[in-house]
Amino acid sequence: MESIKDRYAIVGIGQSPVTLRSGRSELSLALEAVTAAIEDAGLHTKDIDGIMGDHPIRVDAMAIAGALGLRRVGFFIEPEFAGGGVPGGIMHALAGIAAGRAEHVVCYKSLNGASKVTVPGMAFDLAPHENGFTRPFGLLDPAAYAGLAARRHMHEYGTTSRHFGAIAVTCRRHANRNSHAIMHDRPLTLEDHQQSELLADPLRILDRCVDVDGAAACIVTTAERARDLRQRPVYIMAAGQALSPCLARGTKDPTLPENETSLLSRQLFSMAGLTPSDIDVLQICDDFTCYVLMALEDLGFCRKGEGGGFVEGGHLDWPDGKIPLNTSGGNLSEGNLEGFNHIVEGVRQLRGAAQAQVGGAETVLVCGATGTATSGLILRR
Amino acid sequence: MAYLEGLPPPEPHSDYNPFWEGCRRHELLIQRCRDCGWYRHYPRPLCPKCHSWKEQWARVSGKGSVWSWTVIAYPLHPAVADKVPYNIVEVELIEQAGLRLISNLIDCRNEDIFIGMPVEVTFEAMSEGITLPRFRRAV
Amino acid sequence: MPYLPIPLPLPYPESEGFWEGCRRHELTIQACEDCGAYCHPPSPLCPACRSWKRGWSRVSGRGTVAGFTIVTRAIFPGMPVPYNIVRVELQEQQGLCLLGNLIDCPPETIEIGMPVTVVFEDVEPYITMYYFRRTEPDNSGET
Amino acid sequence: MPNIKDKTCIVGIGWTKFGSMKRPLPESQYTLACRAIMAAIDDAGLRPRDIDGIMRFSFDSNDPIRIADSLGLNLRFFGKTMYGGGGGCACVAQAAAAVNAGLATHVVAFRALSQSQEVAFGHFASLFAEKFSERKGVPGPIGWAIPFGLMSPAQGAALTASRHFHLYGTTSDHLANIALAERRHANRNPDAFFYDRPMTRDDYMNSPMISTPLHLYDCCQESDGACAVIVTSTERAKDLKQQPVYIMAAAQAGMWYPNHALILDKIPEIVQDETWQLAEALYGMSGITPSDVDVAEIYDHFTIHVLCALESFGFCKRGEGGPFTEGGRLEWPDGDLPLNTSGGHLSEAYIHGLNLIVDGVRQLRGTAPAQVRDAEIVLCASGNAVPTSGIILRR
């Protein structure tokens, strides 16, 4: 029916500190990020009338409403899937606004991945009994799925562990410029990566994101409303979700011509009317290095199978690379907020307020995790 | 002793029980569409190709090749703290391109595993009346 | 002995002050250090004024039954039905309510509006439970 | 504010057989989900691959990847609604929002339940039992309720009821009027679980007390079954097989009370406050008033919550819900406001509110088992006492 292009904007962002031992509940961290985002936008708390929830086992939408004393909330939805779902939450929020259910929607993510001071909420998950086909064989962690996909990519295309390492090093360099990042003070070389412990062969410890305690939030409203607010609006050119039946396998087959991320890419670029060469900054959810490499191919930044060569070329490095990646350090080095930090950093880039600021950045592509149902955004100044 | 003794066994469930019952009889059964013949794993209520609800549990050869593999080197989960390093293989069965199973390769050193290695199914009894399909290098 | 043979509460970061109070046999409710509003269950920030300054305040433990039910069918095996669940509104603030059980009170005598006061039961080294008991109306005018 | 009035339609409905704990269905929740979705696709005259969006409930193991894999679909829209029965109409609302924003073209909203095989909601606190013993206690906000024996939704509803009785003089006779009306409707609906089981007032009064003042027949069933509806744009609906049912309004209402956990007690004042917010939003979007509603499909987890909703939706004044149920007002065919004409959760099946929406659509197509003559407008309300949602449908 209608197109959402440029009709909605992100007008506020907020983050809690990222730490390894906060001793705080996820609700407390979430509220710090949410109130910071409201403040950043120049809104009053009572202006918030929609809440895009996080996974309810942690902090559900009404926990936020209750704590903020919000008496009228006309929009609250829960996104599907952790790392793949974050940009999709923004998409749900603007759909809710377009349907007249809310005007200012706060979206957030709060994790206690490091200290695990979790306060279970009211939710319970009914796990599909399908995990009987995986768990008895020792497939108990996402790293094992990532290892299987990485191995296949190496076999098909000659990709190497050093290619994966190049992504870890890029993200770490960016984190070294970001005073907020958990790895701010810890430089990393490719040799360090190569010597790090094996996790799920061929993946090493440094191919995996760093679990932290932390929260991030942002506020979505209409473009008209955005122009009255404190910050320069960051417009949403495109927003989408995608999944393909191939995901049911669990392990990503990197050779498939069509998968969740390639579907997403097609949707986002056609909605925005752009091509990959129009993108100035990339924010790709990086729970594992190998998935970033595959996403670069599926999104069309290089050809299928050429991800290894592409990441080696320095294209992704601030300040001189053609298209800097995860400029705040990403999940790998800023700290794992399941990709919500990528949205916050994307907004900072377009405000010109990032610590590794890309000169003249006008467009940012935010992409959720690949290898699961995914989602993405194209943002512009 | 069985490979990875002590990991959580599959729970009984009406959608999946025929698979595990087959394993107990040392038969690898895969769900298959009675109308178009398409194999599907994991089991599904209907055929994603032709949307037929008619299904059978077809016995397959158990032959295939390693599609990918990993060696878990780090105890990511408490249940495997004393079991690393161990391998996980994804095996593509010969019956249909893309028809793949997660399993382990037994009687094979981890450093000898390679993609494309021909394998065949073998069955290992676990505790509680559960039998798991695992794979061995085929001659 | 707890009133019911079921799992006890597990304190979490926001609720620790409450349970510490119970261990001292004091009913301690979270109160905002800026606006004074009581808040239960405790929250990281004040729902009334959004201040982050959270304090703890000892309250009288007196209140009235705002709602109740007599459970006549067991949900957990071994539940000693019938048992009661009451919702008690504390006298300090309108709408400030705690769920609990009324002890030493025949079910047929429970009614809405009945005055009650808190009592404590040391059930485990790490937790003291709070319950309520019927009391005479509080005519002292104190809070 | 933008308004989606009449921009989207429900064009397909599907449902399975219904079972219960005593007469369970052999099929899994997953199979039931696929059956209902395929039935809705067929009803709409669509092909499976036309579906590009799915909305589901949390507490449901049928994630969209599994559904997509079974049906062979690529999806570009998927999401979940929280808060159990409060989320049914929100699934439809968000499906409509997606279509309205051009994010998807044909979106399925579904619910599948196999309480006999998976989880019986009346006993859902026992789900946590294993975790409690592992952790040696009840963690988080539910720790304010479960240790005092508040472990099932019925007990929370009983606290609401005791207060409503106290404040307004409501009685079990009033609640019985709701249960009896729904049972009579179920007796006309061959799909209903209680189709061939009539009920008298004595049966109601003699049914076991669950938690005072609620009797067994104040409580919904624990069911097996699935329902699905398909939402598309009004333009697209015109090309499809069925007479379109227009979505005049679709809204949600949150709950500001910090004690929001599902099994905590709710006082009627608060239950009614959030439902009143919902009513205001729905009437505002649709431009109708309560007297325009021909059929009410109101989420009936417990009779007391229906009574609270009748007040909040403005069918009667606050506190007058009890007397409003008298004189057959809620009964087909002659009542002013036929309620849950398929038998509802109390007597058809408990499919988390989706069966109420299916029946609402049937009423507007003229194909309901207890068809209300010339029904033009149906109100569907999801569960209250939790964050809630609702839709208004028209012919």
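Think of it as A, B, C and D in the order they're written, each chain with its own count starting at 1.
Just so we're on the same page, a contact is a pair of C-beta atoms (placed from the backbone, for glycine too) under 8 Å apart; a residue touches a chain by one contact, two chains touch by 3 or more.
Worth saying up front: this structure is predicted, and the values here are computed from it rather than measured.
Chain centres were defined as the mean of their Cα atoms; on that basis the chain farthest from chain A turns out to be C.
In terms of C-beta pairs in contact, the better-connected of the chain pairs A-D and A-C is A-D.
Annotation: 34 Å between the Cα-based centres of chain A and chain D. Centroid to centroid, with C-alpha atoms defining each point, chain B and chain D lie 40 Å apart. Chain B and chain C, compared by their mean Cα positions, are separated by 53 Å. Chain D has residues 30, 66, 69, 72, 139-141, 258-259 in contact with two or more other chains. Contact with two or more other chains is made by residues 13, 15, 42, 48 of chain B. Counting partners per residue, chain C has 12, 43, 47 as the residues that reach two or more other chains. Across the whole structure, chains are in contact as follows: A-B, A-C, A-D, B-D, C-D. The touching residues of chain D, when paired with chain B in their complex, are 26-28, 30-31, 34-35, 38, 48, 66, 69-72, 117. In the complex of the two chains, the chain B residues touching chain D come out as 13-15, 42, 44-46, 48-49, 51. Contacts from chain A toward chain C in the complex involve residues 23-25, 27-28, 31, 35, 45, 66-69, 117, 119. Every residue of chain C that touches chain D in the complex is listed here, in rising order: 2-4, 6-12, 15, 39, 41, 43, 47, 66-73, 75-76, 79, 83, 85, 87, 97-101, 112-113, 127, 129.
Of all the residues in chain B, the ones that touch chain A in their complex are 4, 7-11, 13, 15-16, 19-20, 41-42, 48, 67-74, 76-77, 79-80, 83, 85-86, 88, 90, 98, 100-104, 115, 126, 130, 132, 134.
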